[in-house]
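Consider the two complexes below, in which chain A is the common component and chain B and chain C are the respective partners.
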Partner chain A sequence: MTDGDSSEAARIGMWLFLAAEIMLFGGLFVGFALIRMRHEEAFAAARLHLHRSLGFLCSLAMLSGSLSIAMAAERAKRRFLVATLLCGVVFLAALGFDYASVVAPGFRPSQLFFGFYFVMTGLHGLHVLGGIAVVAWLAVRGYGRRIELAGLYWHMLTLLWIFLFPLLYLAA
Partner chain B sequence: MKTGRNYFATYLVLVALAVGMMFTRGAASLGLAAIQAACFSLVFLELRHGRQLYRVIFLTGLAFFVLLLSICFIDAVTRETVQPQIPRGTGLR
Partner chain C sequence: MAARKRFPNYLNQSRGWRSWLLTTDHKRIAVMYLVAVLTAFLVGGIFAMLIRIEHLTPGQTIMTAEQYNRVFTMHGVVMVFLFVIPAIPVSLGNFVLPLMLGAKDLAFPRLNLAAFYVYLLGALFTITAMVTGGVDTGWTFYTPYSTTTHGSVGLMTMGLFILGISSVITAINFMVTIHQMRAPGMGWFEMPLFCWGIYATSVIQVLATPVLGITLVLLLMERVFQMGIFDSRLGGDPILFQHFFWFYAHPVVYVMILPGMAIISEIIPTFSRKTIFGYKAIAYSTLAIAGIGFLVWGHHMFVAGQSELATVIFSLLTFLVAIPSGVKVFNWLATMYRGSISFEAPMLYAIVFILLFGIGGLAGLFLGALSVDVHLHDTYFVVAHFHFVMMGGTVMAFLGGLHYWWPKMTGRMYSEKAARVACALIFVGFNMTFLTQFVLGSRGMPRRYYTYLNQFQPLHAFSTFGSWVLGLGLFVVLAYLLASLRKPMDAPGNPWGGTTLEWTTQSPPLSENFVEPPVAERLPYDYRPAETSA
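And now, the complex of A and B:
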């Protein structure tokens, strides 16, 4: 097997993994939508506890991370990878602040909305943490063509957040 | 370098859509998200210029999601509320 073949196989493997991710989060999206249909008012009331500005900041961080990792693959410069790392950290920090503000004032974990909120954003946050670890490893060890695979992974996380943001923070 | 410029231009459009989302609610914000996702997929995931196989894999994942969504919604909308039938004389009424 040549380098080109193995690189192509790795790309196809990553695409299959991303398709599986769509289905994983897809199940959560469907569950959320179905439960929301039956508890519309409770969901609307629970949503008021979230900070839309922090959700927007998370969106900005994910989009900026995607831009910088795409530029890192395009121009092979390490500073773009460091920028992606910073975006990931900003995303997690903003999510952490949102968690802290939700949990603090008389939080009732039995609320259905927050069950979905914590599972969906927590799972996404864990994926981002994994992405940060991969990008940091690539930044330290040198990356070559592997950056494209990391980029695909990061872009998929951004794509998922594009739907998580309006679903959790905005949809009334 | 042209690609880098494309990325940046798309990024600006995506940020503008995200700002737009902040001032909308419900279906409108989800609609903007769909537009945002389409732009993002075409440019950043390179579905526009990438290999056909990648497009097929991505769309297969999406198709399964849509299938799951539609079947679940059809079930939720058409299912009647089931009233438990408790036999008389069992003392459970």
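And now, the complex of A and C:
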């Protein structure tokens, strides 16, 4: 098997993995839509307790991370990978602050909106943590063509957040 | 053939436990998987026997009601998640898929080994849940019972989540392998049909398994944090759980049956000495079953308070599945028509499959019909239906495939005479056990009940006697297969006269599979003499 073949195999494998990930989150989106339809007012009231500014910061971090990992794939420079890494850390920190401010006044997952909020952003956050680990590994161990695969994964996380942010923070 | 030089094979190439536990050879991983899934089959089978013995008499026979609830849950979970879902793809599929494609290994050999250990980890969680506290929810984990019952539901959901990861990894590996590693000259419609079956199965695994994953996560959140999504007191909806669960679990019954059908599509032409009838129709029907399979989950909820419109649509779509299934059955029969049929063990199992799957599949249409389902829902009729398709279908195909590829995997021939006796025992035992349950169900015996009215006792007892015959048959299989391992490796490369690429290499294959990378010169199932083909 030539090298070209194997990188093509890895790319197909990655896209299939992303399809599986989309289905994983897909269930949550469907559940959210259904329950929200039944409790529209309660959901609208609950979301006012989230900090839009922190959500906005999260969005900015994800988008910047996507930009820098795309540049890392293009230019093959380590500093772009480090930039992606930092974006991931900023994202998690902002999310952490939002969690703290939501938990402090006593909003536990038992209220449905916050249940969805914690599960959806928590699952997404775990994925970002995984992304950080992969990017860090690439930055240390050297990258090459694998960076493109990590980039695909990161872009998927950004895309998911693009849906999560308005759904949880903005839509009234 | 005998004069041809034998190369060291994958079994004796290297020795020691490390050479097995750290191997990336798909054949060795397949053998380890085979041992694992057969162990699961044995454990699940013991639970099945206990259930049947309990039903010898109404009321308590050998266990309390609580123990009974746990035992039938264990039977369901072990059989579904540890055996039937993975069995054919990870053992036989893992072994023959690269050989059929003329490849050296799967696309990602190390990932293949990783998936095996993830499977073991998931199995470990599941078994731990069984021995610490137990689970009494049935394999479907319906809320609100599963969120309120005691026991190790949490641990078990984690185990199933991990098993799902293993399934997805393996499915991705198979799909990429089929895309990338076909021998030169082998187009999509020149692959053996087994590969189509594995491909369609993998598509379902990749798209459906994550939905089970998220369902289990939500179930866990519900149990630990009282999140409320499945709790109507907190504004959630318990029926939503059923939708989520069956959105996964219905497509997954096609994960269970498609690889079985794929094996039958290999065995029938080989033992009929005839080109498969309607290759493309079988390939497309495989994809059609996988596709329609995603749209029928609501038929598990006809009496659960679903809207009438949804119910009618789900019923219609359910009937549609019968069309591609029928296409397959008629193509197999047409392949046998005027073929030069011989009845070795694999072919016997293939014929048993067609018969039992035919009955089981048609029973599915009864259940898909709305008015009939109201009467039959949650009775033994359903139990009989899915045992006919899962055991009469998938397990018979698995046994057929195991007998078909056993010489290739181990290099040994088993006793054909013993195999025929065992097949007959299994066939008789199976029908005693499960045909009886169609009658029980149509007379109103509810499924999962611990006890029953006295009038059902003769039929229940007959079903239990049948399960002993069935169990005996399966032990005979185990005995002569193990006995064959004591013989010297004497199997020829192509004992059945097969035409697909796995038969062109020696038995057992060398570690690299082929001496020279093969080129697919002829179509699969081409039984014309060499000079007139091409």
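In the analysis below, the second predicted complex is superposed on the first by the 170 of 172 C-alpha atoms of A that agree within 3 Å, B and C clash if a C-alpha of one lies under 4 Å from a C-alpha of the other, contacts with A are read in each partner's own complex, and residues count from 1 in each chain.
By our rule, a residue touches a chain if its C-beta (ideal position, glycine included) is under 8 Å from a C-beta of that chain, and two chains touch if they have at least 3 such contacts.
Everything numeric in this text was worked out from a predicted model, so none of it was measured.
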| item | value |
| --- | --- |
| First (chain B), second (chain C), both or neither touched by A:Ala70 | first |
| Partner chain in contact with A:Leu16 - chain B first, chain C second, else both or neither | both |
| Chain B versus chain C as contact partner of A:Gly27, first or second or both or neither | both |
| Touching partner for A:His39 - first (chain B), second (chain C), both, neither | second |
| Touching partner for A:Leu112 - first (chain B), second (chain C), both, neither | second |
| Partner chain(s) touched by A:Thr158 [first = chain B, second = chain C, both, neither] | first |
| Per-residue touch tally on chain A - higher for chain B or for chain C | B |
| First (chain B), second (chain C), both or neither touched by A:Leu123 | second |
| Partner chain(s) touched by A:Leu48 [first = chain B, second = chain C, both, neither] | neither |
| Chain A residues contacted in one complex by chain B, in the other by chain C | 12, 16, 19-21, 23, 26-27, 34 |
| Of all residues in chain B, those that touch chain A in their complex | 3-4, 7-8, 11, 14-15, 18-19, 21-22, 24-27, 29-30, 32-33, 36-37, 40-41, 44-45, 53-54, 57-58, 60-62, 64-65, 68-69, 72-73, 76 |
| For the chain A and chain B complex, residues of the former touching the latter | 11-12, 15-16, 18-23, 26-27, 29-30, 33-34, 37, 52, 56, 59-60, 63-64, 66-67, 70-71, 74-75, 152, 155-156, 158-159, 162-163, 165-167, 170-172 |
| Chain C - residues contacting chain A, complex | 104, 107-108, 168, 171-173, 175-176, 179-181, 206-211, 213-215, 217-218, 221, 225-229, 234-237, 240, 244, 247 |
| Of all residues in chain A, those that touch chain C in their complex | 1, 5-6, 8-9, 12-13, 16-17, 19-21, 23-28, 31, 34-35, 38-39, 42, 108-112, 115-116, 119, 123 |
